[in-house]
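The structures considered in this document are given below.
Next, two complexes with chain A in common: one pairs it with chain B, the other with chain C.
This part shows the complex of A and B:
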């Protein structure tokens, strides 16, 4: 078990998401940075869909009540346990009674704590992810609070320390800078309702991520994007990554807790292989969009899968070498 | 906005595709959407076929390498779709119009050039059909609203709107099942339970069910 000692902001239990309940109005939820959650689970030899804790703000402290293997992935954080510093993208072993403190997050926006065997909250409608709007899943369908006790699935294995290269290093985009995240998008249904000058404005602008950005959506600020004529659409399904343009002309990227349908015009959709980059983009930071073709978006997903395959292989090799000693 | 004669098909990145039917926002078109959804949900690599308002979203189990086959199947499926008539339940929903939750009652009335009483009676008159579920757990999009009480969605969506809100967005109306962000205008509220993850089917209502609003109270 894990006891939450202190928490800042809406930390929550998330797995990869709830993907087949749209017809009941239930969105995906799930880790905002699914690559980081997978990597943590790979490091621990877990099922990649095992639930972890998504931690968006520091400081965060918790206590392990027994010996537990854990990993920290996602945002670059300053963390320590029993006086030892834990590097990012690293797995380690906690002893019973150890307190893990995550003090600061110099890079990125969300850190993932995964544990051997996974956080063992009940599966609701096929997933352990917290559904905030529906108030189910995760721990009682709500953000974590001090005093919460999280059950961990049994894992008796003691494993050695091991780190992997962070996704933002391996999968870095050439033109990206420290304060600007570039994400690839495929154009969406209403793209042609905007004129050429507006298209150019959309592509070249560096969009500011406003403080009203969260797991529901990233609300951006920049020049006003207006269609040739006002658009009022019939409600239709949308998915995380869809970029809507409300009549105020300021884009909103739908994220993991987004509504499952909407009617604002959609100019583009962030590709799945880059959605985690949005999840790691910080409030106050900048975002820029890069147009990509559907086939290239699939190629980007394959590249992401190849990165995860390499992690799996490397972790397995390390275990085999250790077993031989 | 002109309505094209052929369906519009567009991508939602690599995880889904949207099919928008041509023609009116009415029950005959929606019945064809239900029929197409039932067909498409059996296709390989399709995770779910989710009806919207005279449109259909397909989510991918695996994104297709090329889209032409899927697009052709959707177009053919639409042309072949006979209306699927679903005999649903009829639900009576008592509504308190106006008040703190229905705070847009007056502004919608003003926008439509109606008195509050006329707006309420026009809104409560029809037997609405649940066209689709979406937005948030258990939420129902209703078809059958009188076009005289149409009001465009908000310029900027609200960060939080109350659970149980009865709202108008464009030419649609619906009742929110829980609190959350909304771009619609709330004109009233109800206390009915629309969703519970422990129910065998988690949503209380399904496409094809019908809803009648009963005016419980009007707070001016």
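This part shows the complex of A and C:
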């Protein structure tokens, strides 16, 4: 078991998401940085869909009540277990009674704590992810609070300390500056309702991530984006990654806790291979959109899969060598 | 248990599959070193080994226990894990060995003051390559 000692923002239990209920209007939820959650689970030899804790704000403290293998991935954090510093994207072994302290998050926006066997909250509608909107899943369908006790699946063998190369090192992309993230998008349904000058404005602008950005969506700030003529649409199905332009002309990127439908015109959609980069973009930071062809979006996804494949093979190699000894 | 030819073949296949450059296995009475022909060269020069040798009287040495490339700092961090003059605790991480996408820790064998970081970042290191020289403090016994 894990006891939450202190928590600052809306930390929550998340797995990869709830994918079979969309037709009933139930959003996916799931880790905002699914690559990081997978990497943590790979490090621990877990099922990659095992639930972990998504931690968006520091400080954060918890206590392990028994020997537990755990990993920290995602955002770069300053973390300590029983006084030892933990490097980024790292697995380690906690002893019963050890306190994990995450003090600061100098890089990225969400840190993932995974544990050997996974966080064992009940599966609701096929997933352990917290659904904030519907208030179910995760731990009682709500953000974690001090005093919460999280059940962990039975821990297995002890593991040695080991790290992996963070996804944004292996899958590095050029950026104009440290606080600007470039994400690839494909154009969406109403793109042609905007004139050429507006298209150019959309592509060349650096969009500020406002404080009204969270798991539901990111509200961006920049020059006003206006269609040739006002667009009135009925609500229709949308997915995480869709970039909508509401009447005020300031884009919204729908994220993991987005509604399953909406009526605002859609100018573009963040490709799946870059959605985790948005999830790690910080409030106050900048986003820039790069137009990508569908084939290139698939190639980017293949590149992401190749990274995860290498992680799996490399971690397995270490365990095989250990078994040989 | 002797290392069989089939084991070596299997290890070589694993290395190739994983994009790992080299592996060293040491057991009582036998050692095995496999290096993939990727043009990488071992950088653990005799000169460096000598610096870490007898001159260091009471010093203890943190050594690599796996083959790969030495990283003095995590790629996300500007500061290296340790710098000369710094006090470190036994078991603390003094550097990393990068093998494919893996980062294996190199740990301090004893509590003490860092004397020198012997290995150069990016250098190919192997099993037993000296990485950091530490001047031990007090009666804390070295751990293995």
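To be clear about the criterion, the second predicted complex is superposed on the first by the 323 of 325 C-alpha atoms of A that agree within 3 Å, B and C clash if a C-alpha of one lies under 4 Å from a C-alpha of the other, contacts with A are read in each partner's own complex, and residues count from 1 in each chain.
Quick note on the criterion: contacts are C-beta pairs under 8 Å (C-beta built on N, C-alpha and C of every residue); 3 or more make two chains touch, one makes a residue touch a chain.
Quick caveat, the model's predicted, so the values are computed rather than measured.
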Which of chain B and chain C A:320 touches, first, second, both or neither: second
Contacts of A:76 with chain B and chain C, given as first, second, both or neither: second
Most chain A residues touched (candidates chain B, chain C): B
First, second, both or neither for A:260, with chain B first and chain C second: first
Which superposed partner A:166 touches (first chain B, second chain C, both, neither): second
Chain C-contacting residues of chain A that also contact chain B: none
Chain A-touching residues of chain B, taken from the complex the two chains share: 1, 8, 10-16, 18, 20, 25, 47-48, 50-57, 59, 63, 65, 67, 132-139, 141, 152-157, 159, 169-172, 177-181, 183, 195, 197, 201-203
Chain B contact footprint on chain A (complex, rising order): 19-27, 124-125, 131, 133-137, 185-189, 212, 216-217, 229-242, 246-248, 250, 252, 259-264, 266, 269-273, 294, 297-298, 301
Footprint of chain A on chain C - complex, ascending: 7, 14, 17-20, 23, 25, 27, 74-77, 91-93, 96, 98-105
Chain C-facing residues of chain A, complex: 76, 84-85, 87-90, 107, 161-166, 169-170, 307, 310-311, 313-315, 317-318, 320-321, 324-325
